[in-house]
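Please see the structure below; I have some questions.
Note that the chains are named A, B, C and D in the order they appear, and that numbering of residues resets to 1 at the start of each chain.
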Amino acid sequence: MIFVLPVQIRFAHCDPAGIVFYPRYFEMFNTVIEDWCEHGLGSSFREMHRQLGYGLPTAQVECSFMKPSELGETLQAHLHVNRIGTTSLHIEINLIGPDEALRVSVKMVLVLMDMTTRKPLALPEQLRQKMTAYLNQTD
Amino acid sequence: MIFVLPVQIRFAHCDPAGIVFYPRYFEMFNTVIEDWCEHGLGSSFREMHRQLGYGLPTAQVECSFMKPSELGETLQAHLHVNRIGTTSLHIEINLIGPDEALRVSVKMVLVLMDMTTRKPLALPEQLRQKMTAYLNQTD
Amino acid sequence: MIFVLPVQIRFAHCDPAGIVFYPRYFEMFNTVIEDWCEHGLGSSFREMHRQLGYGLPTAQVECSFMKPSELGETLQAHLHVNRIGTTSLHIEINLIGPDEALRVSVKMVLVLMDMTTRKPLALPEQLRQKMTAYLNQTD
Amino acid sequence: MIFVLPVQIRFAHCDPAGIVFYPRYFEMFNTVIEDWCEHGLGSSFREMHRQLGYGLPTAQVECSFMKPSELGETLQAHLHVNRIGTTSLHIEINLIGPDEALRVSVKMVLVLMDMTTRKPLALPEQLRQKMTAYLNQTD
């Protein structure tokens, strides 16, 4: 399975060149991950942070910016999982333009973390199973 | 008429106190105005900025933050027009929580501006008419 | 006394029109207030939030954007106090351009708040005295 | 040579966990690059964007977040050059905490670009020479 979410390029995202200022893409990625957690995995950031006391901080990022995106465009974000570790999760998000061209591609390593001790936590079995549905077998 | 848009509180909006960092509200307001221009007035920011060469910069802001908003909440943004000047537009946006409480209320003065000369422009008659539909008669 | 701080306009602050996107000004104001608390009042945000468990959320904002500011400019932020209430603080920040013109002027009401209970706190006497030094008698 | 710049962790950078929200690091990196261009290379972003009509968009990013950073800390950003291509520039920025620990390390590929045509430009000889001073021979 792939989790798909439309992402609209806003005025607030754009720089003096009229294209997305790249740090804003990382805010978009975070929105995609939030929606995936809530709607794809059934575990919202609110619940994680406020009730369970854990978070999903980003440990690593590898990102390629292939083509610029402009104000008013709607991109399609495609998220899948590349690897599920003991405490970590390797995901990939591709942003596709209305022209079907790949605009941005990111690989991220997220780590489940106890927000009080700031130590990594083993992914709970139920969460791990739900993540498995988004695992890309061929990657 | 009132233009209504749901606005979701994201992790990226929240501060160390777990509530919305107030400058993020202004980014939300901008999103509301963008969507109102495109869907309510039929004139997108993209078209304005890239084809017509004008913009809608903010000249004045009066904002009250009544109650904090938290990660994961969905607020309802209600936008209406308070006054239409020659080159300016006085709008009001109220953010209502899932508890029906008013969270944030802002009055803004926007000015139609030629982005090349940076001089105010008279609001085109067609735009003015569409804006009139959102005018609050009693304010 | 007036607290003065140079504020540099960064690429990250600027919009497709090449001028500061106004929500970024509120991030700049927050930086000015942080530095004033730390260096002017001797009570850093870190200490407030992490050791004392209180914060200084913004309750009200009245802001006028007189002239646009551009990438690479250095503005001078001038902060003074207009009124000191029991739990609230009324401050004013003026951003002055290299051309000596007033670019942005904001009046803000801040409230000292217990971050656990989210209730207002009376300003401690020592803090109040330090704030008094920045009080503008004529405002 | 290494270009060094202190970077202060602001309230605006921090998330509900009280640590830097990672997209904010990319805004910090951009500030470091801006200051390096202006003070290290003698060619400011303002001059590049407004007079010369070119920019330095980011084509690739590889970033590791080793340890979280907290509100009120001052990090030291260390920038050096790893490779100078025909139109591209490979840089590395390391953020060092007050505890001397490496907090964040990023490798970035920047491309000199004509902002009108959005085509890559060969790095001017003078700029290339100045960049060479920051080249890490052993990397």
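One rule holds for everything that comes next: a contact is a pair of C-beta atoms (placed from the backbone, for glycine too) under 8 Å apart; a residue touches a chain by one contact, two chains touch by 3 or more.
A quick note: this is a predicted structure, and the numbers were derived from the prediction, not measured.
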### Summary
A student comparing C-D to A-C should find more C-beta pairs in contact for C-D
#### Entry: Option reproducing the contacts of A-B, where over half of them reappear, out of B-D, C-D or B-C
C-D
### Euclidean distance of C-alpha centroids - subunit A vs subunit C, Å
34
### Message
Measuring centre to centre with CA averages, how many angstrom lie between subunit A and subunit D?
### Response
23
### Inter-chain centre distance, subunit C versus subunit D - centres from mean C-alpha coordinates, in Å
28
### Task
Can you tell me which residues of subunit C touch two or more of the remaining chains?
11-12, 16-18, 23, 27, 30, 49, 71
### Query
Draw the chains as dots and join the ones that touch; what shape do you get: line, ring, star, complete or other?
complete
### Query
Any idea which subunit A residues touch subunit C in the complex?
11-12, 14-18, 21, 23, 71
### Residues on subunit D engaged by subunit C in the complex (per definition of touch)
10-12, 18, 27, 30-31, 34, 38, 44-47, 49-50, 70-73
#### Entry: Contacting residues of subunit D [partner subunit A, same complex]
16-17, 19, 22-24, 26-27, 30, 49, 55, 57-65, 68, 115, 118
